[in-house]
Structure formats: C-alpha cells, structure tokens
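Listed below are the structures to be examined.
Both of the next two complexes hold chain A, though its partner changes from chain B to chain C.
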Partner chain A sequence: MSRGDKKGHYEEIEITEDLTLPKLLLRMAKKYGDRKVALREKEFGIWRPVTWAEYLKNVKEFALGLVSLGIERGDKVVMIGDNRPEGLYAEMAAMSVGGAGVWIFQDCLIDEVQYIVDHSDAKFYVAEGQEEVDKGLAIRDQCPKLKKIIWDDPKGMRHYDDPMLISFKEVQRLGRELDEKEPGLFEELVNQGKGDDICLLFYTSGTTGQPKGALLTHYNMLKMGQNLMRVDPCYDTDDFVSYLPFAWIGEQMMSISCGLQAGFTINFPEEPETAMENIREIGPHVMFANPRMYEQMVRNIQVKHLDATWLKRVAFNLAMKIGYHVADLKFAKKPIPWYWKALQYFAYLICHKKLKDHLGLSRIRHAYTGGAAMGPDHFRFFHAIGVNLKQIYGQTEIAGISVLHRDDDIKFDTVGKPIPETEVRITEEGEIISRSPSVFKGYYKNPEATAKTLRDGWLHSGDTGFIDADGHLVVFDRTKDIMVLSDGSKSSPQFLEARLKFSPYIKDAWVIGDKMPYVTAVICIDYNTVGKWAEDRGIAYTSYPELSQKPEVYELVKKAIVEVNKTLPPAAKIKRFVNLYKEFDPDDDELTRTRKLRRAFVAQRYKEIVDGLYSGVEMIHIDTTITYEDGRISHIKTDLRVQDVPES
Partner chain B sequence: MSWLPCGVYHENYKQDHRWWQTKFVWGKMIFLFLFVYVLFPRFAGLYWIGVANIIGYTVLSALGVQLLIGYCGQITLGHAAFIAVGAYVCALSILMFHLPYVVSMIIAAFIAGLWSVLFGLPSAKVKGFYLIMTTMAAQFITVDFILTQYVSRIGGRGVAFSLPPGTIKIGPWVIDNDVEIYYLMVILVTLCTLALANLLRSRVGRAWIAIRDNDIAAEALGVNIVKYKLLAFFVAGVFGGVAGAFWVCNLAALSPEHFMWSWSLWLVGVILIGGVGSIHGVFFGSMFMVLVLEALKFAIAPLAPTFPQLQMKFLFLKEAAFGLAICLFLLYEPNGMAYRWWQIKNYFNLWPFSY
Partner chain C sequence: MVEKGDEVILKVENLYKTFGGVAALTGVSFEVKRGEIFSIIGPNGAGKTVTLNCINGLYKPDRGKIYLNGKDITRLSPHRRAALGLARTFQKIELFSGMTVLDNIRLGMHIHLKSGIFSGSVYVGKTAREEIEARRFIEEEIIDLLEIEHIRNKITGMLPYGLQKRVELARALALKPEVILLDEPMAGLNLEEVEDMVRFILDVNEEKRWQVTCILVEHDMGVVMDISDRVMVLNFGEKIAEGPPSEIQNHPEVIKAYLGEVEELYVTRR
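Our next item is the complex of A and B:
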C-alpha cells in the first residue's frame, strides 16, 4: 500500500481540567469508529490493523476484567514486555479505571523488577510471556501486595498452573461478563477520572542510586503532547512506529500523548530484532529515538559504504559533500544559492533518496533525538542527507519534553527553544530549571527528593547549561559530570564521547579527566564493525576481549582519536586510552536502561584502569567478575594495554 | 521476496500478494503493454513483426518446458511432440470438422495435454536420464512415427496439411497476415504467462517447486507426487498445444518437419540461456536465441558473395552458434540471463551500498 505525502488533518483539542487520556480515547473511538486504523502489529508477515473501535473494545474489556479482579482507584498496574497492542491496552485500561500504569524495561534484572513492583505497591503485573511471568513468580514472595500476574503470549505457558496466573484473554472474558451484567460501568468509571489524577508512575533511570518514581498526571501528559504539536503538528494520516521501550518517557510521549491527540496510527514491529526492517516497511512520518539509534544508523551506513563498489562509493562521497555544504549553509542560516539547490537535488537523486529509503526515512517529516547528548557529526550527517533531525531536551519529570528545535532554526550544538507554555531559566550556579503545565507531581514515596527537585514550581534538572545569543538552550552536561581540566577550563565528557562515537569502530566511550593532569578515555570497540574490519585484513580473533587487545585494533582506535583531537583545545585532547575487554552493559549497572553511562559507578568499578591510565604503566592487570542476564557470574582475568596518543 | 521501497506495507494477504505493488511498477508495466500492443505493431516494420512472431512462438513453446524443467524438475526433451499434436489437432478440426479456430485451439490444447500426460506416466517411476529417454520416445513416437506415417496421410494430402487463406478467423477477425498474427500472438503470450505465473504461486505451483527441490521431502510434506507430476505434464502439454495451434496460422502448410527433435532441444536451450526456474528467463532466452540468429544472418550477408558456402550451409552455422551460445552461457552465466537481470536490479536497489 503506497501513499503519497499528502498532509493530513490536525485539530488542536481543548484540554480542560476534566479531560483524561481514557476520555480522549472514548472521544477518538467515537469520531473514527471502524473507519480508521489506530494500531497495527506485524504478525505472520502482514500488518494486522486494529481500528479505533476495536482499540476501545479491547481496553474496555481488559479494564472491566481488572475491575472484577478487584482493582480500585489509585491502584498501580505494572507492565513489562515488548511493544505490542496488548501493552497499550493494559496501560489504557489501568488509566480508565482510575489506576496508574508503571512500565518496566523488559531487560531489567530480577532485583530491579522487584524494587519497582514493591516500591510502586502494584497489585497487578501484566507480563508479555513466559520470561516475564518467570520474573514475576520469582519476586512475588518479596512483593506481598501483588495480587495477579496476567500473561498474554501463550507460548510456553501450557504447564503453568498457579492460582496467581491469569491470561489476558481470560481477564477480557471476565470483563465481557461484567459488561453484560452492568452495561455502562466502563463509561461511568472513565467519567470519574479527573485531569489531575495520576496516570503514570515512571521510574527514572537515574545515573545514580535507586530509580525514583515520577508521578505524572493526565493533564501533564496531554499538555506536553499539545505543546509539542503546537510546534510540529502530527496528522491523523501519519504513521508512527513504536519500538523503543514503553518504559522510556519518549515512547509514551509519542504513543500516548501525541497519538491520542493527533489520531495517528501506531505500528508495532514483529520483534525487537526486526524493528529496523519493520520501520523501513512502514516509513514513518514522525520518529523519536535516543541518540544510540541514530548512531547505529550512521555506523551501519559507514560500514556498508566502505564495502561498496567503486562507482557507488564515488556517488556517495559526491552526494555527501554536496549535502554537507548545503546543511552547513542551512545551519548558518545563509540563503542557499540556486545552483547549490540544483546540486542538492542532484545529490538527492544519485544517493540521498536511496539512502533514506534504506534507513526507512523516506517519508520522515520530523525525526527527534533526545535522552542523551548527540555528537555534532551525527547531527550534520542526517541534515546532509536531508533528514530533518531535531534535538529534544526534557526530563521524565516534565513529561518528556521542554525544549525543541524549530524547523527553520536548527543549531547542532544546541537543543533549541522551549515549547509553548514552558519557561526555561538558568540559575546562578548554571543549572537548567524549567516550569510548565507538564511538570510532575513529585516522586512517589520520596518527599526529600521531590523537595530537592521541585522548588516553587520550578523543576531543577541537575544539568548545567546556558542560553546562547539566539535564545537557544545549550546543555553542557550533567552538573556533577563536568570535568575541570588541567588548565582550569571546563569540559563536557559527554560531548567528547559523542565525538568519539562518530567513528564506526567505537561503540561506547568513557572520557576521564576531571581534576586530572590530562584527559584519557576508555573505549569499547564495536564488535561487529571491528570484527568485520579484522576479518577483511586476516586478523584472527576468537572473542571480544581478544579482538579489543589486538595491536592493529589499537592503531585503528588511535587514528579515530587523533581525528577527534584535531578539533579540540589542547587541554581537552585525549592523551591516553585503553580498549576495554567488554562492552558497557546495563545488566552490569554500567549503563542505565536508556543507555546513559553511570560515571560514578564505572569510576569505582574500573578503579584499576583509571589508576593505570594516570600512573604511566604499559599494562593494566584486571581481575574481575561479570554478571550475565540470567544471573550467572563469571570471573575474568586479563591484561589491558595502555596506548599513548601522539600529538596531532 | 521481491524488493519493496520504504513505506509499502500490507494489512492483509490480498494486498501482500498483489502483482504490481508500487506506482513505479505500474508505470513500467503500463508502458510495456503500451509498447507491445500499440507502439510496436504500429511503428515496427513487417520484418520486425515477423521476428516478434517467432519470438512469441518460442515463448509459448518454452513456457511448458520451463514449467517441467524449471519448476517441476522433470527434464523433457520431447516437447516439440506436444506442440505438433496441438498443431495437427487444430488443423484437423478446422479442416475436417469445420470447427471455429478458437474451439479448435481449445480442443488441441486439451488433447496435447492428455498426450503429454500419457508420456508423463513413466515419470511416476523414473527420474533423470531415464525420464529424458521416455520424453525422447514421445518425440519419436509422435512425430516421426504417428504423424509422419499416419496422420499426414489423412485425406490423401501427401505430407502437407495446408489451410486455405481465410480459414483461420476468430469471429469476424480474419488472421491472414503478419500483423494479425502478431496481435494473436501477444494476446496468447499474455494469457499463458498470466496463467503460469498465477499457477506457480498457488498450491499447485508450490507443490511443483517442492517436487523439484526434493521429491522425497515433498512427499513427506503430503504432496501427492504422481498427481502433481502428471498435472505438470498436462499443463505443459496444454501450453505446447496452444503454441502449436497458434503456429498453424503462420504456416502455409503443416508438416512433421516443423516439429523435429532439434526444436525440442532448442527449447531446452532457450530456458538454459534465459534462466531455469524463471518466467523472465523464458522471455530473455527466446529473445536472445531468435535475435542472435537474425544478427547472424545480417552478419554473413555481406560475406556471402565471397564465401557462398556460408549461406548455403547456414543451417550448420546456426547449430554451431546455438552450441557455442549454450557452452558460453554454461561457463560464464550458469544461472541464465534472468539471474543477470536480477543482479542488475539488485545493483540499483542496494545503491549506494553493495548489500
């Protein structure tokens, strides 16, 4: 089914204090009924559509099912699993009966799941399949408030016989029975909701300590979506692919807030592994992802480009040169002369059109990145190929977004200007604070943290930044992460790391240098690309640790660092580095689930490496343990070589 | 799976199975039809229309061979026999029973199909070389024995069946010159290609492909091998019959010489060069074989005064060229021209990458 890019329809709704997300769902289902597709899920090779009326019916049945299982207003429902329609049904159902949804990252380890389930006082645990059910069964003794575990994928569930377990279908059947007995109950329950009710309890990833639960109301969520779409309207003909975890605020922002208000179609991929392929099939109009996704796209392109045949490489290089030039003119807000426009069209024909097709960005109108810093090189790259990539800045505590680039005003070193109804200021200490209707209610059961973050209605972000001459917000880094260099200047490790990650061979980097004589880096190579690079050159290796320690690989990484060093002030130049024997992993607590580096933790964990980098030794001896996802622990003994980076 | 551009997706299987899914393909196919049905007959000279008719006849003949060899794995070296049956049955029913051409063609196709099943029966037991022998037997029994010795003598017309001009007509449409034949040809080629392409994506076609890939595994999957093999022979025979019945209108007189064993071999060559297991291959192969021959004729025309031998022994030259073409293809393009076509398409689909 191919469609043109005709602009659809967007009408701003009035958000009263009474409006809730489920009320909006009722309204949309009435408006579109069976005439428009609300959700699609790829299954058995086709995108199976769910109309708005079916969407509502599923939510209604599940909500009433929860009622017959004894849910009450204010109860929490924990959800864990891939992105799929059932997850959305469960979330909307919980909200419909006055409860709140709590999403858990699917790859969370058991202790994290236990902490969240216990801390949120959840009564229901909606699991996708056997794996999540097992996690639920393992923690139920520690979480006495948990009443039922609901599962939806029957695969592997045949021999589970436990009174606590109930299937999604069975809950819906109970709901249908209740509906027959008490018709109109669902609408009544939905109408009891107020805009000020809590709809979501969001456990923020937090780069330090235990996750904190941010309480967001219907009003917060709706206002945020509305203000975002006042800048960039979404249309009801748009397609959106929901593939990033629902436990990330960005995904909720698009799927719930914007999705319900604009009425666009949400598409769920077949499996997380097929997400990129599925995105290509759908060709979304709007996309919001973390920088990692975009970095991965660039890395794939760079590697494939290296392997392409001569003519294709020439076409790509030429088109990129033109693209970069035009993008730079656009960033500088200079008019683009007609001949550059003609050349740009030429570049589009010979390369960018196909490139966007491969990435699934053919129809993209707005691509957003947020959640972490993105390097300027990546940013320029996407603008060079004609993808309108924009930075979003915000926190979970402000329902996801407060600052955004405008279409004609994009600067790759800033995050843009505040969205409507949002004020952003810089405190005297340089901290970014913001105020808007979307600022959260507080942290669940944590008044101290709430008081620290929320002062006089201002949300204190903990990020350092400034507002530049054009009124753009520039986010420097987390206040606690900022490095003071040897010459007394300040530098952002995130920025250096993002620059390093433009090399296709570097997957992750950790830059150290706070109050140190010089700057050093710990590099995690990209196993796929470096592995392929090594194979092409006949370098034998058997594992990640071995590959990372090859002298040739060290040379490769050194070249990438020298390239980055060229543009850095002398004090910020990276002088020494090591290749780590493993990739950073959220399961080892090195990254948050949204893949931000937890500096304090790694600094403590890899203390020997930091010491080694600053002591002048050639080799660092490592003796440590690794935890696997299934809880197994293994012991590692290895030596890491320290490499000096020559001047220029 | 064919390559689809970004943003093309399907909500149900009906959409998923549509032939032409993008505007680009629609445009391409509309242009192709416009070219074949309007532009070519209008602007090409009679010579080229004649060449096109030969290509069309080759395509119709080779479709059945492609089905048997390329999709069902049943190697046949006797396909000319079924074409001959089609031609003779069609001519006989027009001449002796005065049936209309279309009806005769249908009867011819049906009888050719049954005749093909008769010789396909051994395929229930034998495979490979032995099957080649039985299909060759079909060739010799049908053409060299039955047709030459008996059928050709019907009505005491000697060895030639000649159809008086104007006998071949569909309703008021009299097919008596190359342009009319051309139109009949493109209609038949369109219908037969459509029929085969649709058969191949149905249960039947999948069963054939399963048998080709591994007959024992296919049987284990519940495919009735004998039934589907015979069905393949039947359908291939029907295509052969249509080809034969079509060719009647291009021949002043029917004679067994038109359906010799070399034609069977030629058809196998067509699909080898075009690409085994590809409908595109049938077209590429037919065009290649016919056009190379024409080019050869052109090439030796200026040499003829100096080397009269060349023209006199053109038949041998033709066979030599045919042999050389097959050898070169087997050496350098063993998957045929269809594979090269696929690679070219891929080259651009993957642009600016190589994978």
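Our next item is the complex of A and C:
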C-alpha cells in the first residue's frame, strides 16, 4: 500500500486560553460531520466506523446523562477497562461538563483501585464489564464519595441488580431525555470550560511509594500535542491504533491531544489478544509504544528466524547485514552511496517488506518509544529493517513529552532534542529539569510532593543526564538508581538491563552493583522462547521455576551475558547471576503498571538473593509467597543456583 | 436465576444396550426438564457415555425409547436428531484438526443453511442474506460469547487443548441446539480453563439468547455439585440415584459406589 506516502492535511490550530478539548471536539465534528471517520472499533470480526458527528453525539449523550445523575464542575470520573470507544466517550464527556478524567490500569489489584478512587474523590466509576464492576462493588464501602458504577458490556451482568449500577446505554438515554428538555445545555456547558481547567488527573506509576495524582489542564494537553506535531505533523488521513492502556500518558497524548488536533482516525482492536493482528490489518502511520512492545516484536522475529527454513534464514541474514550497514551510515550522518541504496532496496524486496508487513509497520511514518530505556541493539534493529523508530522523553508531569529525535538526526544513545516551546536544562547535580506550557499544575492533595517537583516553573524529573555536543539530551538513569561501581565510575543499571534484554531468552533483568565489589544480575527468562528452545533439545520441564533452574538454561543465559560483557568496561561486567523462579509482575509490586522495575522494592523482597550473590554461596534457599490477580496467595519454597560468568 | 419449568424436554425410557455379552445399560430411565443442567455421574464404565451416544444416535439401543420434545427419536439418524435441536461435544476432541476454527464452527451451522449448490455458487439474493445472517450469528452469538476472537482464523489442530475444547462447544452451539450433551467438558483442563468453561456453560444455560438445556457427563465433582440442578448416578449400567446435588452427596448408595473413589479425584484437581 502506498497510502503512507500520500501526505494528508494538517493545519496548526491556534491554542488560546479559552480552548478546551471538548470545544475542539465540537469544532472537529462540525468540520467533518458524517463525512469522515473519527474512530473505528473491530467488533464481531468487522471494523465498525464511528464518524465525527457520531463521536460527538455519543459524548454529548453520556455527558448529559452524567449531568442528570448529578455531576458538577470539578468532579472526577474514574474509568477502567480496555481501550474502546466507550472509554473515550466517557473521558470526553467528563471533560465536557467541566469534570476531570481519571484512568486506572485495567489489571490493577483491588487495593490500588481503591486507593485511586478514594484519593481522587471520584463520584463516577465507568467500568467495562463484569470484572471491573466487581472491583467497583468491592471497594465502594471504602469509597463513600462514589455515587454510581456505570458498565457497558452486558456479558455476565444478568444477575446484577444493585441500585448503584447503571448501564452506559441507560446513562445515554437519560442524556437524551435531558437534551430534549433543555436543548443547547451541552454546548453551554462546554463553553463554560477554560483552557486552565483540569481535564485529567493522572496517577503516575511511581517506582516508589503510593501513586501520585498529576493534575493536567486542557492547555497542557493541547500545547503538548501541538508542539509534538510541529516536529512530526500527523495528517487527517492517518490511522492510529489505540491499544496501550489509556492510563498511560503516551496513549492520551496520541488519542486525545494529537487525535483531536490532527483529526486522524483512532482504531480500537477487538480484544487485547488480537491487538497485534489488528495492527497489521490497519497498518498505522504513527505508533507510540513502550520499549517492551518493541522488544517483544524483535523477540518474535528472532524466534521465528530460529524456526525458519535454511533459505529464509539466509535471506534474512543477508538482508539484515545490508540493513545494519545502511542504518549505521544513517546514524553516522554519512551519505549513502547509490549501490548501497540499490542493495537496500534488494533487502527490502527479499525480506524487510514482509517483515514490516507482519509487524503491521508497512505504512509507518513515525514509530516512537518512550517511558523507559531501550537498548541500542533494538534501536539499530528497527532502523535496519527501515522503520523510523524514534525516542521520546518526557514525564506524565509534562503531559508526556518534552524531548524527541528529529527524523534526520537520530542517535540511539540519546533521546533527541526538546520540542518547540520547551527548555531543558541540567542542574549542577546533573538532574534533568524542563519548562514548557505543558508542565502540570501539581499533585492532587499533595503539596509537599508538588513543591519538591515543581520549583519556579521548572519540572524536576529525578533523572540524571547531560546534553551532548550535538545538543541531544542523554538520559543516564533515575538519579537514585545510578550505581557507583568498584572502580568509582558510575553506571546505569537500566542501560545494562536493556542490553541484556536483546537476548530473546531474557525477558527481564535486574542488575545490582551499587557500592558493591562487582556487578551481578537477576534474570527472568522468557518462558515462551526458552520453553521452545528446551523442547527442541528434548529438555523436559513442567513449569517456569523448573525450567529456569535447568543447567542448560543457565548455560544459555550465561552465553547471552558473556556477549553483553564483551562491550562493557571491566568494572561494569556482570560477574554472577541467578535465574529467578518467576517473572517480575506488577501484581507482586515488582514492576509498575507501565512495567518499570521497582528497584527498592525488589531489593527488599529478594534480599536473600542479593546476599547470596555477594556471599559466594552456590545455592540460595527461597521461602516466599506470591499474590495472584484474584487475590489468592501461594507459597513457594525453592533453591536457586548462583552461576559465575567467566572472564570474556 | 432462570425459571426452570416442569416441561420435559428429553425423556429416556427403559434403555438397554449390550456389547457382546457386556450389559452397558440395563433399563435406565430419566427425564430432563427444559432449561436445567442435568448431570450424569458414575464410576468408569458405568454407562455415562453410552447413554449420551444412545441419545444422540451414535448407538442404537437394544430396547427402550427416547423422546425429544415429546417426539420419539429412537430410530432417527444422528443428523436428523441434530436438526431437531440436539447437539453434543465429545470426551476426546472430535474437531476437523486441519480446518480453521471458523470453518469448524460454520460446519456446525451447515445443517440450518438451505441454499443449494447452484445458488450457493452465485451468492446473490436469498443465499447472500442467509450467509450474512449465519456470519452474524456465529460472530455475535458464539465467538463473542466464548471469547475466541483471537483464534478464529487459526488451524484447530495447532491450538492448545483447552481452546480446542472451547471450539468444540462453539461448534455444538452453531447448531442452535435446544439440548446440548456435554461429554466431560472439563477433562484435561487446568483450573483456570475449568473456571472459564463453567462460566460458558452457565452463560449458555442462563443467557436469554440461549437458555439451552445441558446434559453433562463429568468427573469433576466440584463442578457437578456447583452447577447442576439435578444429578443422576449410574453404576454398572443401572441408575442408582437421581436428585438435587445436596441429596446425591448424602445418598448412602452413591457414597458406597462412587464418592469414596471421588475423594481422590477431587484432591488431585486442586
């Protein structure tokens, strides 16, 4: 398909202090009406379009429904569920009547849901289906401010008749009734909004302690989208697939800020399990995902490659060689000779074209990664197959983005340059601070944290970094995570972990070494890949814990570590490691919901392992408990083997 | 809960079946009411699957009668019984393993499609409408219900066992049955898959759209006692008890014949 090359239309809008997201929605609905598709959802096997006029109608009815249920300006509406049009309607509806949206990660445990619902003073809880409704019902006694629980998927809801429950459709019906009684009320409510009103209360997935609620205004969100698109415009002919949680700022940034300004089509997958397939069907032009998604793509390719026939492997290896060479020339900003261009086209024909098609990246113009560190190996890989992958840096507190790679200026060890209207500086201590129109208002009900983060309009990130000779920002790591090695040099554990994760057999890694005599690692193997590897070799196993402790698997991981060690300075080389008996999991508080490692927590939880790694023992005895998503707890007793990594 | 009326939907009268010299069923009679979940339990070789096979026509009983909705179906061939609204799943999966999930399900629905070879090959008018309606039914009522969107185009034989079991149920539902015979739907599933399967069976049984009467042969006593309205116990081809789960659990003969052994089964599951 060549639609990706055809440039659509993008006109920058003027963002005044009066402009709000709902006002923009009204404007877009007027402009495009029924002539253009705003949203698309795959349902019952068919992509079903929603035009801009229908989008507005749904938002309007739900908003007025909330009004008849008693929502007031400034009230919070909590939303939980998969990405789907109803979620977006609810969010826009809350904003339309002067309220603020609060998104909760769908897989949050009941305690987390309760904390956010209670702390945000939410009055409404918009759930997707039975599972989310159950969570809502379980916490309502602890959240007295909660008035109604709204659901939209009727499956399994036939026995629920609690007066607190109301269906999405019923709310919309109430809205239609109110609209008949008071026509024009919706527009009036929208017009009361100001750019400085809070539109989102965003709970950040802190790697330490309870989540904090960042207050973002319409102006914050609009400005961020505008400044992003000043670098990389999106067009109204573009397609975007919304499949990462709305509770992640990156998804809000694309679906809300950019989507409304550029007018592109937002596509919702059928089910989370079908997301990858659906992305391929849509072939999006823009994509923003966390490194984990890209890591997963690379891992899929690596595994398929191992499985492929001889001829296919040869073609792949050849195409990758060419691709890497051209990508490296591009990174070095050297001209690409015509014969390399010809070879690149050849590589495209024999391999990269198909590869991109399978990943759904055939039409991609900009692919962004952000939220955590991504290893240089992954980065090179995507550029080698011709995907314009770029790093984004930002925080929820600055509406998601402040720094970005430019198309012709990509260095994979940096995160790029600040977007327009954004200043980035490094303090004397090396902390990255930034200032822009998108800097948030503060943390909800937490003035101490606000004062610590927001000083004279500068947002203090807590990240350590520097600005290199080309003016690129380099993010080293979270300041508190930086390791001081045995020789006094500093190292970033995140960087080492990202390098390790390029091995298809390693899903997660935790590198330890701050003020220690040497560096060690705790490895979570990838169950699928290693499992398949073991099957191919006839190694019997029954479970993750067992597989992880197989001597052959230890050898496999050791090889991967040796590979990474080759490129590291002596003090940063990993000397010992263990394979953990389970994967890191947000349900066990080991990862944040955006899948960042919570170091302080794991250091405490796996203290025995850390002690074992530095005491010279060969076996570490473990006795611990695991929590499942439904609250069940199970007890684990096992022995972990410690393995030394030989020099080179 | 759904009203479970007194109307008898399936009636089995004095069923006999022997294989060579072995008597598999000796005079079994029971009635299943519309809308209920009726379970048949018993030790291995008690005649549970033979009963199901007689009901859906795979075996011809030596004696006895079977009525569906008051109509004698004892001498009807299996596909005629299917057309009357009798579907089943199998203890060992009997899908077409080389075909996709969707094709397997479509096959289940085939019996309800009326267009012939000629009109089917041109796909206009009534045929097209029929096909579209069939597609809508399969997508909205079955695939969505059983949550198999992500595998609809996968080759069935490549799927994990638990999902294949779900596809079996999907294919049976495509028949739009009034009565569904489930032969050990939980066998070989892990705890999570069992929970899912129970949920689906309850959905099919209770959801307004379906309200299918279920006849369940199952060894997982936890499941049987939880979801059944009534339970019948067979032992060596004879009915030894019938009644609500609470009654069956305390029935002295049942305990003697069966439950002592089940205790172990029960333990291995958790």
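Please note the rule applied: the second predicted complex is superposed on the first by the 643 of 648 C-alpha atoms of A that agree within 3 Å, B and C clash if a C-alpha of one lies under 4 Å from a C-alpha of the other, contacts with A are read in each partner's own complex, and residues count from 1 in each chain.
Just so we're on the same page, contacts are C-beta pairs under 8 Å (C-beta built on N, C-alpha and C of every residue); 3 or more make two chains touch, one makes a residue touch a chain.
The structure presented is a predicted model; accordingly, all values stated were derived computationally and were not measured.
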Using the superposition on chain A, tell me whether chain B and chain C clash or fit. clash
After superposition on the shared chain, which partner residues are touched by A:E270: those of chain B (first), chain C (second), both, or neither? second
Which of chain B and chain C A:R158 touches, first, second, both or neither: second
Partner chain in contact with A:F382 - chain B first, chain C second, else both or neither: neither
Does chain B (first) or chain C (second) touch A:K304, or do both, or does neither? first
In this superposition, the partner of chain A with more touched residues, chain B or chain C, is B
With the two structures laid over each other on chain A, which partner does A:E281 touch: chain B (first), chain C (second), both, or neither? first
First (chain B), second (chain C), both or neither: which does A:Y89 touch? neither
One more residue to check, A:F577. First (chain B), second (chain C), both or neither? neither
Is A:G45 in contact with chain B, with chain C, with both, or with neither (first, second, both, neither)? both
Considering only the listed stretches 218-226, 272-280 or 290-298 of chain B, which one runs into chain C in the superposition? 218-226
Chain A residues where the chain B and chain C footprints coincide 45-46
Which residues of chain C touch chain A in their complex? 1, 135-136, 139-140, 143-145, 147, 149-150, 152, 199, 203, 206-208
Could you list, by residue number, the parts of chain B that touch chain A in their complex? 4-13, 15-16, 21-23, 351-355
Any idea which chain A residues touch chain B in the complex? 1-3, 37, 40, 45-49, 280-283, 301, 304-305, 307-309, 312-313, 315-316, 319, 350-351, 354-358, 360-363
Taking the complex as given, what residues does chain A use to touch chain C? 44-46, 155-156, 158-159, 270-271, 273-274, 277
